[in-house]
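Here the structure comes first, spelled out in structure tokens, and everything after it is commentary.
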């Protein structure tokens, strides 16, 4: 069975100035992040602006990512859908394109309940032969899965192998899940742009699955933590968490993330597809100040 | 310019027992409703379980509806999407398939605001040459448009010709919009399963755009109201509104609607795509009692 | 132990033109409804505009209600609060004033979960010696209790004796709770203005706890249903459910309810405390048409 | 007219182990923060667990705060209420107790709209002779005020003098409000635990109004920023923002905040009133690691 661990980068979808997918920039990000040492990629996540991509583009993106990664690390593909049918269909497309695993949030639906969540995951697991990462992201599904439900899905759904948490406070949720998990084996990844990565690791988390534009920092935190050097992990984390915090701003975060990647030379344009917000002058100015300060402090990646 | 009026039926998507689209049943519904005298159809609405259909099925459905309707009444097609790009793309598919108009809700997005709503509609109107029905359905978009914003969209977006309201209390919202509309011409349709149709008409509404399984009732209400026979309109409405009310139950309404259509002989199976709820024994029993009572009272359509 | 049953009217809070509580009108409603045959009252519910009353007025209201009812039927008092402490404090005030039971919704709080809900009810039950009605009203608490949690509270919280449901579809929720309740004894009351009362009874409900301004109709439905005359119950329900439906409009419902009571001669003014919406001309006109029609049809109570 | 500026600390409500208000600890916090140089206090905010306090305790708290502060800095008092009546009543209690200003969020209510928000503030301003701080905190009111509405309230409501923002991304919202404010004079304070203070200042913010347990840091940021030493402001901010971030965790933040204050010697116990979450072992451990690291880095206040 696939083992996911460490830092798994959720890939943005770069666009040209004309709004078309810029596949060369996408390949560049992958190369940059692989060199940085990421342990995997997630395609078609929220960071990928997945909700603004038609099916044909989604398929192309997975194919390009799988081809560029070329087996060096696992590729998780987001296939969340409002219907069980469409979720299965997208998952099969991902499987055919070479995905290593799928990441799935409960379906958005009025009156969703724990039984329909369980049934959704079970039907999916029966239909698609790929490991499943449970995405716990209440704003996407409108539904917050309690630790007991997450664990029940992990135990009763054969393909469920990991949990990705976006339901703050994530460190506490990691602790609560681990407290009832006993001997059940599964991985827990924090999201939230890496803003609580250290605390998630301390609570029993396994790594980060997020779109932060400088995964090098997350990698140093996780690597040092797992090798037992807590002080060094803390050093990287506390020194740079101001960066993660800035990038992780609701509504404008994606535009910031892409601008950082553009400045890092990974992508050619920082545009976000409408109705997503583009970088405004005020946020751009704050980013300048932020990057200048961290550069002065010796951050080697910006 | 297209003029929408009267009762426009939002079409469900019938499925076979195996979960595939049952196009013959879809054609049957159209025939039944055309005979009943509906003034138009809406394909790919919430009632159509649109969120559980892949793009290929959506395209097929529009083609079948347009072909079956064959120009006798207008066909509105729902093309709401989370991205402006994808909304335009779906709208062009609808246009190519022969749609008379599109129905579009604001895009679902964190931190949506009135400016991004306006920009979304304007960009859409510039890109697609089809009349636009504004769908005011807060649970879909997570955003409630105030009367002033709805009117601003109507006035500033060239293709915007009508509003479909699902934001209760709809009669009051109709009145508030009409109170500030002055000489601006546009139609307002109520939704909510027809449960407040009479009150919407009294407040200045033009008709109903909803998925109620017995549009004959809505047609009698609207026709008599518009011909000036308020008492007759009231008679039809108050006598049968218990039916609309029963069908219009959150979470289970779609299953009830399809079961009524099945009993009317229009569709061969009443199944709903998961994770949508199927008809449970308790609701089925209540439906039996309801239909028995209205049949006894002389309702000719059940 | 107290046994709640039948139709329990949630009392509005009548105000004078100057916005002060009109206790004489409150007593009038109680007298009118007792003559009509209600089986109990609920004070300080949502219908009572409880969220717009300071503590001193709440205390006065309970005292007046208890004094006017004078032991003839039970008086349930709403004591929902955001803190366990304040909930207990309000419940003790209610107990001291002679309340027969309290009605409590889960506390509104970010990140509420099933454990904190259970702890809230247990602490309350330990601290206050009054039967508890669990109010399942997601818009108040921001939290939907699943059937299994409701049943767990009923079983593990000694004072919990009944459930009041406002989480649509209520008939289905009644059925789901009864399906897992086995031999546990407790009452279930429907709310939602009585709009699904018949279906709730068919599913295993015990009665209605709601603020509908013409409880005579609900009483006929429940009484006939419980005496085995389903046809008569259906007759009253289906003939008049259009009334319940009209009154039960989000945002404006309270103003309608009070206007009906004013027209029935029970209260002297129909004002609602701001920011609650007052009756607008459009809704008033629709009410005129509605009442005229039902009067013509022979409804004896309007 | 009162001028609010700089760092205004929102005061927590310390409790004894038995759950009663610990007024001596409350006085201690005020003394500690006055020595630190705060420019004002806010009593009865969300941080004060205001929703879990009965009216009598609220009154006592305001009296103790006003008495301890003794005119040295302004005291803002939160008087948000679901009714206009109760908001006015609470505001008068605050005025009588010596409050310098009131802080008010739109009333929580289904179907709230911009007109009812405006009417609420106008009625309040007419009734109470105290400056008003508009609290823009969507999770409290369920309503997000757009920049244009905030500015309209500032312009049309005589007593409205300042805005407190909690609607992320706050720096962007500051910029948007300033962009349309022209010559209108008013202050904007950021909240969110100070996590975006620097960016808010860069965008045109005036200071912070928040409950962060180490206001010394916020003071250094604001003071240096306003005196023109941006580099020094950045230094304090970026070095310590990891602390603000940790404290500012949804659901558990209040427990962390109090534990830090306990460790600083300001309060005798860190308990939170139920159903608020107490500090769990996992979060406590993370706090240990955090404080140890920042202490080692030379943070003088922990």
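Here the chain labels run A, B, C and D in written order, and each chain numbers its own residues starting at 1.
Just so it is clear, a residue touches a chain if its C-beta (ideal position, glycine included) is under 8 Å from a C-beta of that chain, and two chains touch if they have at least 3 such contacts.
Bear in mind the structure is a predicted one, so any value in this text is a computation, not a measurement.
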Chain separated most widely from chain C, comparing mean CA positions: A
Chain A and chain C: spacing of chain centres that average the CA atoms, whole Å: 46
Chain A and chain D: spacing of chain centres that average the CA atoms, whole Å: 33
Centroid distance [mean C-alpha coordinates] between chain B and chain A, Å: 37
Residues within chain D bordering two or more other chains: 111, 169, 250-251
Chain-level touch network, classified as line, ring, star, complete or other: complete
Chain C-facing residues of chain A, complex: 111, 113-114, 146, 169
Touching residues (chain side chain A, partner chain B) in the complex: 19, 49, 51-55, 81-86, 89, 107-112, 116-117, 119-120, 123, 139, 250-251, 273-277
Chain C contact footprint on chain B (complex, rising order): 168-169, 171-172, 174-175, 195-196, 198-199, 202-203, 230, 234-235, 237-238, 241-242, 245-246, 249-253, 280-283, 285-286, 289-290, 293-294, 297
